[in-house]
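Going in written order, the chains are labelled A, B, C, D, E and F, and every chain counts its residues from 1.
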Amino acid sequence: MDTSLILQNVLTPPVLFFFLGTISVFLKSDLEIPAPLPKLFSLYLLLAIGFKGGLELQKSGMGGPVLPTVCASILMSLLIPLICFVVLRLKLNVFNSAAIAAAYGSISAVTFITAESFLESQSIPFDGFMVAALAIMESPAIIVGLLLVKLGAPKERPIERKMRWKEILHESMLNGSVYLLLGSLLIGLLTGAFNPSGVAKMQPFTGKIFYGVECFFLLDMGIVAAQRLPSLKKAGSFLIGFAVLMPIFNALIGVFVARALGLQPGNALLFTVLCASASYLAVPTAMRMTVPEAKSSYYISTTLGVTFPFNVVVGIPVYMGLVNNLIPTPG
Amino acid sequence: MKRLDLIFSERELDQMLKSLEKAKVPGYTVTKHVTGRGPERVVSEDMEFTGLGANAHVIVFCDQALLEQIKIYIQPLLNYYGGVAYVSDAEQL
Amino acid sequence: MKRLDLIFSERELDQMLKSLEKAKVPGYTVTKHVTGRGPERVVSEDMEFTGLGANAHVIVFCDQALLEQIKIYIQPLLNYYGGVAYVSDAEQL
Amino acid sequence: MDTSLILQNVLTPPVLFFFLGTISVFLKSDLEIPAPLPKLFSLYLLLAIGFKGGLELQKSGMGGPVLPTVCASILMSLLIPLICFVVLRLKLNVFNSAAIAAAYGSISAVTFITAESFLESQSIPFDGFMVAALAIMESPAIIVGLLLVKLGAPKERPIERKMRWKEILHESMLNGSVYLLLGSLLIGLLTGAFNPSGVAKMQPFTGKIFYGVECFFLLDMGIVAAQRLPSLKKAGSFLIGFAVLMPIFNALIGVFVARALGLQPGNALLFTVLCASASYLAVPTAMRMTVPEAKSSYYISTTLGVTFPFNVVVGIPVYMGLVNNLIPTPG
Amino acid sequence: MKRLDLIFSERELDQMLKSLEKAKVPGYTVTKHVTGRGPERVVSEDMEFTGLGANAHVIVFCDQALLEQIKIYIQPLLNYYGGVAYVSDAEQL
Amino acid sequence: MDTSLILQNVLTPPVLFFFLGTISVFLKSDLEIPAPLPKLFSLYLLLAIGFKGGLELQKSGMGGPVLPTVCASILMSLLIPLICFVVLRLKLNVFNSAAIAAAYGSISAVTFITAESFLESQSIPFDGFMVAALAIMESPAIIVGLLLVKLGAPKERPIERKMRWKEILHESMLNGSVYLLLGSLLIGLLTGAFNPSGVAKMQPFTGKIFYGVECFFLLDMGIVAAQRLPSLKKAGSFLIGFAVLMPIFNALIGVFVARALGLQPGNALLFTVLCASASYLAVPTAMRMTVPEAKSSYYISTTLGVTFPFNVVVGIPVYMGLVNNLIPTPG
C-alpha cells in the first residue's frame, strides 16, 4: 500500500475539511451547518457534475471506451448487490440484507467527486464520460434490492405490502438526486451541442467555485458521518467489518473489470471508486418507501458512517495503488 | 370538539393528507422538519440530509364524530410506516 | 389554566403579537413556516416563495380569565384575514 | 412566428433547467429545493441585477432614450392594469379582477433576466438602463389595483376595511423585493461613481456566477410553476386563456410604444417583455395585505403557473420576432 | 394518558433530551427554530444569527405516572436556564 | 478627524449594503433574509478568511512582527475586558458587567473583514498573518469574563452553578465559529505547504466571490443591527454611551500598542480594529451557557446594535486617521 499516496490525499482541502467536521463532533464543538444548507450544496454538486459530464460526453461522443464502460457499470451495479446480499444474510434478515446490498450496489456521488479532485491534484487525466457511468449506476441496484426482498421473503409480507412495480421503478429512476444528475447531464449535452455561448457562461458557476463548495460540503459530511458513529455501535462489529471490507472487495473486482475494459488509469480509478462506494442519498429514500421493514439506521450508518469516510480518506489512494499495480500502463 | 395530533415521517405526508381529505376533515395544519424518537426509531436532523426527511406534525381540529372516520383511513398508514396519533379535547375560542 | 392555539397567515404575525401583548398575555410561543388547509384556503410551501409567507402557529398558556380579553383583541384580525383559534385545558407541570 | 427563434431559446440552459423542474413535477420525482433556498436565489438575483443596472445607468447617464423610456414604462404600468381590469370584469368580481390586473400591470424580474440571457445568446446588444424601467414598473400597478377596488366596490367593504393610503404606498414601494432592487440600483450607481475598485471586486459575485444561479433558480421556478397547475384547473378556462392572450396583447402594445420611442431591438424586446410579464413576487404580498377578499390562488396561478412559463419558453422569442418585424432596423 | 409541552432554549436541547431519556419517556417530538416571549426574555429569530439559537418545543405523550419522574429530572434545568412545561390530557386515537 | 476618509468608507459597497439593511428596518420594508441564510454567509466568511489567513501565514512564516503581534493580541484580549468590567460595574451587576466585558475583549470577524476591504479600497497593504491575531483574540476574553464572575460573585451563586473549568474552556475554544476559523486557518496553512494546486482551485470560492458575499451579509447585519435598537432603549443611555466610547478608548490603546510593535499602517489599523470591536457570535453563546444570570439583550444589543454599526461606518476611517497621525510612517 502506498502510504505516500494516502498522505497526499489527506493533505488536500476536501479531505482536510472532512476531518475538520469529524473532529468537531469528537470535541463536542457546536459547529453546525443547519438544514437546508447541506441540501443546497448537494443539489449544487449534482447539478454541476451532471452539467459538466454532459458537456464532456457531448465532446467525446459515444465511441471508444464509452459504451463498454457504461455497460460494465450496469453489470457491476447488478452483480455487487447480489454478492453483498449473500454476505449479509450470514447475520441479518432478508429485509436488512436487501436494503444494505442495494446501498452498496449503488454509488456515492461525493466519493466520486473526491476521487476526481484526487486525480486532479495528482495531475492524472480522466474523462468526463465517467459521469455517465456514475449516473447510470445509481438505480439498478435499487431494483435488485427490491427483487431480493420479493424473492427472499415472499411469505413474510402481508398482502397489502405486495410490491408495486410502478412504484419501484419510480423510486429508483425518479428519486430527486438521480433525476437532477441525469437531467443536468442531458442539459449539458444539449447545451454543448447547440449553445456554446451558454457553456462559457455556466463555467464560473459549475466549474470555478465547484472545488470550494465541495470542501464546504465535505465539512458537513464529516460532521454527519461522525454523528452516525453511536448508532454504529448498536449495529455491531459484523456491520462495521462489512462496511470496510466489502468496499475493498468491490474495488478489487472493479479494478479487474477496468483492466479488462482497457481503461486509462484515471478512468480506472473512477470506475473502481464507483464499485467501492455506497449510496446514502438515493437508496435510503427508496428503501424507506418500499422496504420499511429494514432498519434505516443500518443502511445509513454503514454507508455514511464507515464506508464513505473510509473511501474518502484511505480508499481512494489505496485503489489508486491497486490501479497502478494491477493495470499495465500503456506505452 | 377534538384536537388530533399526528406525528410520522415526512415521506408519507402526501399520502397522509390524501387520507385526511378522504375522511373529509375541515382543515389541517402541518409542521415539517420535526425530529423525535419513538419506541423503535430515532428521527434526527441528518435524516433530511439523506433525503429521508424528518417527521411531520399534523394537527386537525374536528368533531368527535369525525375521528372514527379518520382512524379508518389513517390507521393502515400508521401501521405500515410507523407514527403516532393522539386526541385531546379542544373548543373554539 | 388554558392553552390557546392560534393558526393564521405569517403576514399578520406582527399585528397578532401586538394584539396579544395588548391583552397582556404572560408569554407566547411562535412556530413559523407552518402550512395547512382551512375551509377556504390552502397554504402551501410555495407561498413562501412568492413572499406571501406560510402560516404561523402561536401557542399561549394563560388563565381562563384572560381568554375573553384575548378574544376581544384578536377576533377582528381572524375575521378580516382568516385563521383559527382553539382552546384546551392545560396545567403547569 | 419564428420557430427557429423559439427552438434557440428552448435550448439555452435557463430554459432547459426550467423544463427540468416542470417535468420533475409531472413525473412525480421528489426533487425539491427546500425553503429558504429559492429565497436565497431570488434575493441574490435582485441584488445582482440592481447593482449591475446601477453601474450601467451611471455610465450611460440619464440622457438619450433613458428618460423617455422610464416615463413610458410608468405609463404602461398604469395603462395595462386598466385594460386587464376591463377584460377580467367580464367574469370575475371587483376584488379578483383588481388583484389580477395589478399583477399584470407589474413585472416579473426573472422573465426580464431570461430575456437578457436570450439577447446575449443571440448576441443582440441592450442597455443597462432598462433595469431602471424594470425597477420603476414594479409599483405603480399596485396602486392602480387598489384604486380600482376603492372605486369599484365602495359599498361592498365594511368600514374597517377602508383603504389607508399610507399602508398602500408602503406596500407598493417598500415591498422587500422592490426595495432590494431599487436599493441595489442606487448602490450600483454610487459605487460606479465613487468607488471603481469596488466595482471590479463585486464583478465575480454579481456578474460571473449570475448565469448559473439563474439556471438554478429557473429549475425551482419550473417546479413551482408546475405545482400551480392543479389550482389552475379550478380557476377555469377563462383565466387560463387570459393568462396566455393578455401577455401577447400587452406585448403588442409594448412593441408599438418601443417603436415610437425609437428603441434599439434589444431594448425594445426588454421593454416588450416588461409589458407582457406579470408579477408573482411583489404584487401578491401587497394584495394579501390590502385586498384579502381576492383569492390568492387566482393571481398566483395565472402569473406563476401560466404567464411566466409561457413568456419564458415561447413569449420571449415570439416577442423578438415581433420586434424584428415591426420595428425597422436603423441603418 | 398525558401530553407534556416543554418550551426552552435550543441550547439546552441535548441536556433536556438526556434528562427525558433518564426518565424513560416512551418517545418525544422536537420542533426547533421556535420563537417566543416569556415573563423575562424575548427569543427572536435573530438569536439564531448570534448562535444563541431560538427555542425548542418538545412534546411527550406518556402516562400520568411518568410525569412525576420527568419533573424530577427536568425541573433543575428549567429553573437554571428558564423555560416552561405544561401538561394536558390526551388519549391514543 | 478625517471626514473625507469617513465619506470614502461610506461609499464602498459593503457599507452601502449595510445602510440598505438598516434603512429597510426604519422604513418598515418587509425585506428579510430568512434563517439559515445568514448562517450560510457567516460560515462561508469564517471559512474563507481562515483559509486565506492560513495561506498567508504559511507564506510569511512566524518570523518578523508575527509573533510579537500575536502575543500583544492575547495581552489585549486579557486587558480590555478588565478595563471594561471596571467601567461597567459603575452601573451594572457582576453578571452583566462580566458578560459585556467579555464581548468587548473578544473580536468581531465581520468588522475585521470590513476593515480589510477599506484598506484595499484605499490601496493600503496589510499582512495575512493578522488573521492569526483575529483567531487568537476570540477566546481569552471569554475566560476572563468567567473568572470575573467567579471572583466577583462567589456567594451569589448557588452551589450547583459552580464553574466547571472544563465546560468553560470548551465553550471558549470550541465554540463553532472559533473552531471553524481556527480550523480553516490550519487547513490553509497545510494546503499552502503541501498542496499548491489546491490553493489555486480554492481561489475562486474563497477569494473571488468573497467581496460579494460580504456585501450580502452586511445587508443582513444592517437589518439585524437596526432590529436591536428597541431593546437598546430599554438598556438605557449608560450602555449606549459605553458602546460608542469604549471602542474608541480601546482603539486608542490599540494604536499605541501597534506603534510600540512597529506595525505598518495597514496592520496597525487591523490591530486597532480588533481591539475596538466586540463579539456578537462566539461570546453570547458562551455567556448564555455559563452566565445565564446575565441579560442576553444587554450584550447583544450593545455589540450588535451600536458598536458594530459604529465601527463599520465611522470607526474604521476614524481609527485610520488615528493610525496616520499617531504612527510615524517609515521612510
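In the analysis below, contacts are C-beta pairs under 8 Å (C-beta built on N, C-alpha and C of every residue); 3 or more make two chains touch, one makes a residue touch a chain.
Only a predicted model underlies this, so the values are computations on that prediction, with no experimental measurement involved.
Engineer: Return the chain whose centre of C-alpha atoms lies at maximal distance from the corresponding centre of chain A.
Structural biologist: The chain farthest from chain A, judged by C-alpha centres, is C.
Engineer: Could you pull out the chain whose C-alpha mean position is farthest off from that of chain D?
Structural biologist: That would be chain E.
Engineer: Counting residue numbers used by both copies over all numbers at the interface, does the chain C-chain E contact come out same (over half shared) or different (under half)?
Structural biologist: Answer different: the two copies use largely distinct residue numbers here.
Engineer: Per the centroid of Cα atoms for each chain, what is the distance between chain B and chain E, given in Å?
Structural biologist: It comes to 20 Å between the two C-alpha centres.
Engineer: Which integer distance in Å separates the CA centroid of chain A from that of chain D?
Structural biologist: 41
Engineer: What is the distance in Å between the mean C-alpha positions of chain A and chain C?
Structural biologist: 46
Engineer: Multi-chain contacts in chain E: which residues touch at least two other chains?
Structural biologist: 31, 33, 51, 88-89
Engineer: Hunt down the residues of chain D that sit against at least two other chains at once, touch-wise.
Structural biologist: 30, 35-36, 39-40, 175-176, 204, 208-209, 285, in rising order.
Engineer: Which positions of chain A touch chain B when the two form their complex?
Structural biologist: Chain A residues touching chain B: 35-36, 38-39, 42, 160-161, 175-177, 220, 224, 227-228, 231, 280-282, 284-285, 288-289, 292, 296-297, 300, 304.
Engineer: If we count contacts the way the header does, which residues on chain E are in touch with chain C in the complex?
Structural biologist: 4-5, 7, 31, 33-39, 55, 57, 67, 70-71, 75, 84-89
Engineer: Over in the complex, which chain A residues touch chain D? Could you list them?
Structural biologist: Counting only chain A, the residues touching chain D are 35-36, 39-40, 43-44, 47, 51, 170, 174-176, 179-180, 183-184, 187, 190-191, 194-195, 197-198, 201-202, 204-206, 208-209, 285.
Engineer: In the complex formed with chain C, which residues of chain B make contact?
Structural biologist: That would be residues 1, 3, 26-33, 59, 61, 88-93 of chain B.
Engineer: Which residues, counting only chain A, touch chain F once they are in their complex?
Structural biologist: My answer: residues 8, 11-13, 16-17, 20, 23-24, 27-37, 40, 117, 120-121, 123, 204, 208-209, 211-213, 215-216, 219.
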